[in-house]
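Once you scroll down, you'll see the structures, which are given as structure tokens.
Next, two complexes with chain A in common: one pairs it with chain B, the other with chain C.
Our next item is the complex of A and B:
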């Protein structure tokens, strides 16, 4: 096997895994505080992609498109949390089912307006670097770097800031946190909006790499959940590490010519990990404690 | 279950509905309506299996279409390679689907709740990837054709009308089978597991074995549904059994209500015919369907039938002057679905 091609494939794998990690981080954060399993998170991502496409079509550049996509999906997350998920907080299974219904609605609303065909934008960065025989597409590097920066910022916010501390207190014990003056309900909305924004960003990055269809969300969210569960649901570090593992595995498999099995690895890995460690690699929460 | 009514009484309305459905073609249905009814019926067979798993045992499976797929592929491959027809494929397909269901169920012994639900999704997706990459054996992404006719006592029965009657017969058998399960001690055992796994275990119930058992039972139904489906469409492909068909099956059973005998029937019929009656195109109908589902879950968490029954109960109690307090405990009792 040619090392150069292998490195290239691993880089490709990592760039897609970046988008999946953005989903997984959103999913894991939302679950950790709210207990909501939002399967429609993939549709949030897909809408982020479509928003990017619409703005680029209107003649703007990729960066404004990305910003608008993030804001639009965050706003959508706000509306859906306040309008729907809020009513299911005490019954998480119902929230899950509501999110399944939401998949159907969001997907077909997009199809209704823009048709089922794939949409693509011109690559925001077209340069291809040649580093010692390894051909590296700059757009893929951009995706990986943006993801690292955003995930790192999220991580610092959760672990270091006052807001993050309050957030973790609310995860530990919702009632006590509320008594200490933490506006738990507002935090729930905040985390949901943050997770949605990450999905919107993921969507913008995804369409920079690949054409996107209204059905893309389905595959991506499954992988996102696979990664989140592998790392341990509710565990941010776990999501990042599991995303990294998936990226490398997918890259190697493509490098050795098994690319048609790419979609199977996330699911296979997740099933294996959960059979050995039912709480994921790094241990997860079982959702917020609600007394 | 109400104590004062005999268990047989709960079967009657279901059989009545199915009997009416069997007479429906006498009204002169169009071919389009008839084929819609056939596919609804095929779904309902699978829904009855899913209801045993979700409604009785309390395990949510989101990979159920994959088990239907196993029945369908067994039928198609047997017909192609061995010339084996419908009636032999039926038991083989359902037994193999049951075995596959047991495999899907094994992780449920260790992994629970949301984790497991997502795992069943993953199993469903894995199966469709395997089918897509199976080369000539599974027909890869294009799928398989099925040429054998369905015969009964030497007569071909694969025209729409006779096939419709066969499907209705299978729906009736499924309903009776699931009624028998609900009212047997086995059904009580499953419900005990649903309500409190630890308590059930401490009563000496082998929880693990019964969970896998429930999976296998639901797999049998799914396999039958798959064979019926393969012989109806005469062409099957992996996409029919991937994640989204599974989601739709799960949603249908929830819209109808998973715990009551009428639930799967109502869910299957409503979801199949509502768009037709409202005269919507497929995209619009999916949107309406999703919105209805969300509304049902938020407003009637136990499904449409349970919600309607609950409403009727409240009304009748109000009319007969029973204090509201009692009525509401009774009404709230079954409302812990899917916790």
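Our next item is the complex of A and C:
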């Protein structure tokens, strides 16, 4: 086996993993901590990509476009949580159906204004380094580093901050937390907005790597949910490790196995993990108990 | 007095009904079923755009003169949302409720087969721009009384399309690469269309003397192609052929360039217009093929006017905008057939279509063979590393390679 090709496949796996992990972190936060099953999370990501594209088209650089995409999708998350999902909190199935409806609505709004065709932006970083026959694209390194930084910051916030502790207390027992003065409803909004912001960031990073269409969200969110469940709902460490595993499995199956089965390998792995460890690799919340 | 009023009202109603009936008779309804949303949208949305343009041109020119009567064409569009069940439901609605005389679509082989199960028993003329209908179209099945008598394939057979493409790609790339091209790796989306088309394209490459060590299939909707490309790189190809899906192809190429997979590439279904609009560049030669004529750079004299009108009508400049030509020409063809037949009777219309030689955009001499299939050239272009683009219409092989 050619060593350079092998190392290249490992690097390929890492870059897939970072994109999937960004989505999974948003999914695991929203689904695991608020109980909202937002299947339109992929469309939030797609809107982040389109927002980035619009700003870059207007002549701004990638960094301001990324910031605007994050803020725009966070604002959209706030509006949708307050305007829609809030009314479904006691009936998660309704929330699930609402999110399915949102997929269609958001896709068609984007198609109406910007058409169905692919959109892409110039690569924010174009350098490609050749190290011993292994090609390393700087833009992929950027995506991996941003993912590490954002996931680490989110991890610290959830596990170390007062907000994070209160949030976890609300997940354990919503009523008692409310009696202790924790504004549970506001925290749910906060988590939803944070998850949406991460989707916006994921979208901005995605369009830095690949062209996007109004339909890009669908596949990505399925993998995001798979990773969130595999790692354990609400468990950030689990999401990161599961994202890595999925990325490496995808990379290697495409590179060395039956390449057309790549998706089947990943979802087969998810089924296997959930059969052996129903709460995911690292365990997680079973979702908040509904009022 | 009362009975006089009733009689008057009845006469007025009868006159109104007969006027309505005359107005209804002056219109021929045709339908188009295509993916205006969903994953096939980049090709799908070109169908209603192309058919609409042709309908507008025919109506603006006065309509279709059938016998001593002139008809306007009314177009009914249905979005199948890239969902076969929706395509079936839309076809049923158009055939049973709207009573259309003809249907155009869809862009997908499987969808067309399902739609034909409805259009054919109903004697509705059906044009489908799929290169893949050879399994159901043959002299027996399209003969009078045959199960697909009213179905017409408006794209050349796949061995022809693959043959002209493979020959054109290798012919344009070899001088740009500067040495003989011997080894080709094909990367293709793993769905029914991808599998079907690839079997023909690999045969066509081998007929051109290529060694094809592997066909690498990827799951549909793949965005990160790097593992597949790294696998292709390990095979040391002279050309990597990105086959079949234009959107995926455009996603994969920049990744291939980053990884330095091969000294040349071919992007199936990508128009040089998109290449130029997006400011794409490559440090190696890249061939592109259009289905059937390129809108961004064409050697076909008829193409310029058509695409100017097509985009002026509001159609977006997409990867596969030229797919519209697999439908546009055939609306005019059908109108000419109705005029020649002098009737809207489906059987007489089919006989007229079978005998016509139509001057279209794609070719000056469009006609259907005894299996209701057309033959015409495919345009292939190549972008040199410096950016210059060269295009050529490539005629298809006469016979299928063994």
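For this structure, a couple of remarks:
The rule we apply is simple: the second predicted complex is superposed on the first by the 286 of 291 C-alpha atoms of A that agree within 3 Å, B and C clash if a C-alpha of one lies under 4 Å from a C-alpha of the other, contacts with A are read in each partner's own complex, and residues count from 1 in each chain.
In this section, a contact is a pair of C-beta atoms (placed from the backbone, for glycine too) under 8 Å apart; a residue touches a chain by one contact, two chains touch by 3 or more.
Everything quoted here is computed from the prediction, not taken from an experiment.
For the composite obtained by overlaying on chain A, chain B and chain C cannot both be accommodated without a clash. In the superposition on chain A, contact is made by A:9 with chain C only, not with chain B. Applying the stated contact rule after C-alpha superposition, one finds that A:209 touches chain C and leaves chain B untouched. Contacts of A:250 after superposition: chain C is touched, whereas chain B is not reached.
Contact with chain B, but none with chain C, is seen for A:94 once the two complexes are overlaid on the shared chain. By the touch criterion stated above, A:117 is placed in contact with chain C alone, chain B being left untouched. In the superposition on chain A, contact of A:108 is made with both chain B and chain C. Of the two partner chains placed around the shared chain by superposition, chain B is the only one that A:225 touches, whereas chain C remains out of contact. Comparing 3-11, 21-29, 39-47 or 111-119 from chain C against chain B in the aligned model shows that the clashing stretch is 111-119.
Residue overlap on chain A between the chain B contacts of one complex and the chain C contacts of the other covers 107-108, 111, 218, 260, 263. For chain B in complex with chain A, the residues that touch the partner chain are 60, 107, 110-115, 117-119, 121-123, 125-126, 129-130, 132-133, 243-244, 247, 250-251, 254, 283-284, 286-287, 289-291, 293-294, 297-298, 301, 338-339.
In the complex of the two chains, the chain A residues touching chain B come out as 31, 37, 84, 87-88, 91-94, 96-98, 100-105, 107-109, 111-112, 218, 222, 225-226, 229, 233, 260-261, 263-264, 266-268, 270-271, 274-275, 278, 286. The touching residues of chain C, when paired with chain A in their complex, are 36-39, 41-42, 45, 190, 216-219, 221-224, 226-228, 230-231, 233-234, 247, 250-251, 254-255, 258-260, 278-279, 316, 318-319.
Interface residues of chain A facing chain C in the complex, by the touch rule stated above, are 2, 5, 8-9, 12-13, 15-16, 19, 107-108, 111, 115-118, 120, 122-123, 128, 130, 135, 137, 206, 209-211, 213, 215-216, 218-220, 250-256, 259-260, 262-263.
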